[in-house]
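Down below is the structure, laid out as structure tokens.
The letters A, B, C, D and E name the chains in turn, as written, and every chain counts its residues from 1.
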Amino acid sequence: MEARMAALEVRGLRKQFGGVVALNGIDLDIDTDRVVGIVGPNGSGKTTLFNVVTGVHPATGGTVLWQGQDITNIGAHRIARKRLVRTFQQAMSFPGLTVGENVRIAWEQGRRGGGRWASPGTILDFVGLAPLGRAIAGSLPFGSLRRLGLAVALGVSPELLLLDEPGAGLNDSEAQAFAAVIAQLPPQGIGVCLIDHDMDMMADLCDRLVVLDFGTKIAEGPPAEVLADPKVREVYLGPDKKAAAS
Amino acid sequence: MSLLAVEHVDTGYGPVAVNRDVSLAVHQNEIVTILGPNGAGKTTLLRSIAGLVKPRRGAVLFDDRDVTALHADEKATLGVVMVPEGRHVFADMSVRENLLLGAYCRKDRDAIEADIALMENYFTILAKKRGAKAGTLSGGQQQMLAIARGLMARPRILLLDEPSLGLSPLLVSELQGIIIDVREKFRAAVLLVEQNAGLALSVAEQGYLMNSGRIVASGSIEQLKQSPVMQELYLGKRAQQNHGPSRASP
Amino acid sequence: LQTARADEELPIGVIAAQSGSFVSAGNTIVGAANLAAQQINDAGGIKVGGKTYKIKLYIRDNRTDVNVTIAAARELVNDIGVKAIWGTETHDFSVSMAKITGPAKVLQFSGNSSLGAVLDDKAVAEDGWLHYAFQSEPQEWQRSGSTAKGVLSLLTPQLTSPPKHSVVFVGNDATGQYLSSHYVKALEAEGQKVDLVQYPPDTTDFSPLLTRIKGMKPDIVHFWYNGDSTLTAFPQALKLGVAPSYFLFGVDPGIYQERSLKADVPVTLSCVPVCWGSSPYPEVKQYFEKYFGLGAAKGPQSSVSLLYYDYFFWYAKALEKVGKLDDPDAVVAELLKSDYKGVVSPVPLVFNKHHQVTFATEVCMVEPNTSDQFKCAVEQPPAAPPPGDNGG
Amino acid sequence: MSMPVTDNSAGKTGAATSRTRVSHRLALLTADNASVPLPASVQAIMAILLAVLLIALPWLGLGYRFLSIAITTLYMAIGLYGLGLQFGQAGIMSVGHAALMGVGAYASAILSVQLGLGFWTSLPFAMALSAIVGGVIGLPTLRVGGQHYIIITFCFCALFVIVLTNGGAFTGSATGLDVGSVTPLPGINFDKLSNNYYLVLAALFLALAATYLIGISRYGRTLRAIRENEQLARSVGINVDLHKLGVLMVSGLFAGLAGVLQLYYLRHISPTLFGAFPSLYLALMVMLGGARYLYGPLIGAVIVNFLPEVLNLDPVDSRIAYGICLLLVILLLPGGVGAGIKNVYCALTGGSGTQTQGGGSNGRA
Amino acid sequence: MDIFVQQLVNSLSVASVTILIGIGITLIFGLAGIVNFAHGEFLMVGGMATWFMVGAGMNFFVALVFAGLLVGALGFAAERCLFRFTLNRPMNGFIMSIGLSVILQHAVIRVFNEFQKSITDPVGMVWTIGGVDIIAMRAIVVAITAVVVAITYFGISRSRYGMALRASVSDRDTAELMGIPVRRYVTGVFIYGSLLAGIGGALMISLFPITPFTGSVIIIRGFAVSLIGGLGNVGGAVVGGLVLGLVDGLSAGYGYPEWTDAYSLVVMILILVLRPQGLLGGTLGPKAS
């Protein structure tokens, strides 16, 4: 046994859709005490990585270890119960139910074997949705829907949270507020791994960045370093974009 | 005379009122942006212009003609085309079919293939994915498809609802060029709703600022940037009190 | 005038399908009841214990739904307090009804020969659940025997060689299953080799099954219950040339003529029990004139109304004899020991110990290539069930 | 493996949800919205009034016909509560529900004919068998959704009738089976119609209570989560497949109970009682009443069973009128009568009801 | 052997009527998203109208055209007055169509009566080819169906309408944004599908009698055919109709007759479970809720 094992260990993960190789042997270690960012051009396999890790899609090859256990292809709900929880790129909710009910459903699932939240209300407070508790999720504006997505995921009492573009559709100040919420998570023992294209936010928030391109990892390291990498600049940021750290 | 004029429009869903007394104008060949926080009613306003929501009061004029009561398809035929928020690609249909559907109400059939080529030039991934079902594209790829599909209509005014959503930084900067192209090449006007203020402020000439369903400020982009409302509501680094906790102190 | 005012009402219930899929059967009960009640009342009513009663009919539509049937039975028995109920035309409904009429001692006259399956010694005994129920059809082995004899005697001279192989084609529902089980035995008793082919109850396209039957090379195809489906299937069989002769159970010559059916091979038809389209008995002719005169629809089995009709008079006779309205046990006993010469049969009707009567079935043959040239015969039923038929 | 169905890609599901999101936004304009509860006091008063009314019914002098139809209505309503649960809560519609009631009824009848078991002793077995069969028919829901499953249940129903019809003496073939009356409890003879009514009523109260408790419980929320968004439900740790089968089994329990009550009310059953058309009518009732409302199934059963009584025109005209009433209800109250009543209540009290006018073409009707 | 060929011909002609109704349903259900249970009644009305017109002395083939038009008009009315309002709620549309079907059945009973109606075979010929009796009308039914299928297939798959219709089911609002006149197309498809039902009814009554209740029996096959073939897929409806027709015909001819209907039910269930997207694939249809 290795001396130190990361909470989530992805080894040689492959995913193929027909002829399309979406993940081409990804290795990744993620711990639960910090924020890891995943970036990469559109279609580079970021969402697919989340999908395969959380059991939405079966892996074509490779393994996913969570807290030392092999969880490859064991089914989405079982992975969630192991407190490895994700949000979706296209913000999802239970649209016909109230915001409160949405969160309560997740909270009740998370409560099995001891959750971290006293009540669904505390989660709503935490993400700032408390005033909208009785609103119907399907009628929320985009930004609030994203917040709800986070609240639902948090409700499961995750130990690692995989967030797919949580900041999309938020304006700068909203994104900042959102980032503030996320930044509070690792200190409470909720690891975060997030995908986003908002480089300002990512640079601010992440301890480490992983860059994907064509289903392979092309760079990994502290944000400043990675964003300065010419290869990353070429495929992702664009030549004349002022790099992240502002 | 303005190409599109919205006059004192109120909108809402059922008992919920959204926009109140909104007026704005877009001129020929002009890029206009609407900014505003989450839930301000921007999408609803665009939907009412496009004909998906019927205004409760007020009028929408296009080419000085009252088009308030027209349905979305009729407006599209006139050249009012919207790229909806959240992509809405036809998931079970191929990328190419999606593009062809974009050109559905065009009369100049012959030019369509050329335009598809143009779109595939803007977004090279679309060429690679030509035969793939749109539902299998990645989020950003779908966004590109949605924009391209809108452009395929050769609109006279393009309503863009958060087009940068989910696009990589590289593509966002390319999008900037494309929006300008819409004006230069397509000779069309653009009404842009964006959360990415950087993008919006760099391409638009005129801007409106919306909050709680009303227009709270308007003018040229330069004027807007100076306006205190804008500072506070939109660009302000201050977090909104009732929408989340303030950032943990450093 | 004073006598008219002194008349009292004898409430009698009728439960029949006036909507839903059994209407054409249901119509026969209602038609017969209306006619009988009118005639009895016009003739002065029923004299019981020094009083004269006029029949008051309470007719209820069961919508071809067992729940409505039961509700109607409850209403008639408990709310209105009828003395007797006519209905229904299907086994299920009659059986469920009997569970209400029995304990309430209300007489029930039901038109299902399949009741024979449950009318046993125990059921009709004084404390039995069918003590007050009477079947308005003959025992099925009798009808089957009478029919089989008639069909074969009419067809044999028409065919080049005596028929040996019969196919019985029947709907796979309760009545079809019950009726055909007896008919197959009856044919076998007459020396036929019999194949039974059952079709799903809602069939409209019979050609695949008919083509299959054609492959069996039968001498006679017997279209058994029910008449409506037979009318659909038979023209298809003619087109396909399925057999050299046919028998259509329960298709009245009157209907055959109305539909201008025509075949180039000999076709026999049976009526249940006597034909309205071509009858040897003048009383029957008269009956049908009045029956249709009241507006009843002409159906393939309109003639089943006959027995419902006769039972009204028989019941009236029994009531008069008993002299009391509220002694149903005496009425049952009287019915069981009396006889009645009605329209349905030239021979007086008597109930056997299982509350069933005996009468013959009329079978007709239509001349090939005509729609209206009939030759009819009435064969008396056999004296005992054929071998293999337990008579139930 | 073929792509779209089992292998929901990120993009695909993304698009699918965005679709639901929009249609839901639209639906909100017209939809019932059962998740906004009425105040507890109102609920309690309604429940008490209803219970009093139902208990007093045999004493109101409405006659045996009325009482008989009331029994029919109630046993159907019990079955409908199962259907309401699977459709209203979990979103799985079936038009084969009568067959499931038939499984219960036939199981009990066969146990009575073969082993001499009576009402009370056969009831648990019959309910268990209905539940198991419900689960087995439910297996396809794990693969196919919506319309496909509806047709499958319809086929199942037709198949069930064919099997019974050809089942020989065991099922009584097309003629069916007979049973005696419900074994009396000390001092209660169920041959008396009102006692039979109270028996069915007690079962209905049970069904109502179960439905209510499920509705407010975690289990109910879990089902609604599945109805609203399967993928999200999975991602919060809900075992969607298990719950789908589970709710169909629970629904089967209700159906079995209803079937046995039906059997001992009619005391003679035959295959056509449990065929496609009775099933269709059950679906109709639950939709009419509003599957998501506590009293919806009961209201639906009352309407469908009593409307023909009330109209009582010439039978043919009555059917036509019945059809027209049905159209009007759906056009005017798209969320079912339950939603209509709730809206009226909300309008009267000035609370925020749910919009049901217009029937909903894109908010600009 | 000749019996076998005869069975095949039988099955084919019945399959033809099933295919016609299946196409109507697959278009209305798969493309316009309307679940119309009354479609079977539309067919019945077409048949009854044909019966009436032929009875009044009209030539069958003329009556067939009129029956198609009449039922097309009926479809138009139904869409405008009823289904238009339930587009967003397929289950409600479904229930409403049951109401419509009850009304139509009993309206026909009211106007005529509940008995079955038949017409004399309009062609009245039986061809004997190599010892096989083929009823000429059955062959004509197959031919007419083939022509209708060809026209429909061309109309849907070769023109832009098909694509536009599919887009409309998958996302009505966005389709409108593309300039597709969704409501008009829905109406159009509804009229066309109904017209096919009318023709189907006319053809059906030329083969065997129909009753006011025929529609409710045939409708399930129609739904099954459209789902088996793949929603919205005209070719699929043809294949589905053939499969069901053959299973029906052959099981009646060679299976246990009392189980005749069971064979096709089992086949339907199996296909629906094993290939939910249909034999030839199709749209997944509108969401049911």
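Here is the rule we go by: contacts are C-beta pairs under 8 Å (C-beta built on N, C-alpha and C of every residue); 3 or more make two chains touch, one makes a residue touch a chain.
Everything numeric in this text was worked out from a predicted model, so none of it was measured.
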Labels of chains that are neighbours to subunit A and to subunit C:
D
I'd like the most central chain, judged by C-alpha centroids against the all-protein C-alpha centroid.
D
Any idea how many Å lie between the Cα centroids of subunit A and subunit B?
28
Between subunit A and subunit D, what is the separation of their C-alpha centroids in Å?
41
Expected list for subunit E, residues touching two or more other chains, is 170-171, 173, 183, 258, 261, 284
Please output the residue numbers of subunit B that touch at least 2 other chains, ranges allowed.
13, 52, 71, 86-88, 91-92, 136-139, 141
If you look at subunit D, which of its residues touch at least two other chains?
3-4, 9-11, 14-15, 18-22, 25, 27-28, 162, 165-166, 227, 316, 319, 362
Residues of subunit E that touch subunit D when the two form their complex
29, 35, 82, 84-92, 94-96, 98-103, 105-107, 109-110, 170-173, 183, 216, 220, 223-224, 227, 231, 258-259, 261-262, 265-266, 268-269, 272-273, 276-277, 284-285, 287-289
If we count contacts the way the header does, which residues on subunit C are in touch with subunit E in the complex?
21, 23-24, 172, 197-200, 202-209, 211-212, 214-215, 228, 231-232, 235-236, 239-241, 259, 297, 299
Show me the residue ranges of subunit A that touch subunit B in the complex, using the header's touch definition.
17, 20, 40-44, 46-48, 89-90, 126-128, 131, 139-144, 147, 165, 168-174, 176-181, 183-184, 197, 199, 235-238, 240-241
Within their complex, state which residues of subunit D touch subunit C.
63-65, 67-69, 72, 162, 165-166, 173-176, 178, 191, 193, 265-268, 270, 272-273, 305, 308, 315-316, 318-319
Would you mind writing out the residues of subunit D in touch with subunit A in their complex?
3, 7-11, 13-15, 17-18, 20-21, 24-25, 27-28, 31, 33, 35-36, 218, 221-222, 224-225, 227-229, 231-240
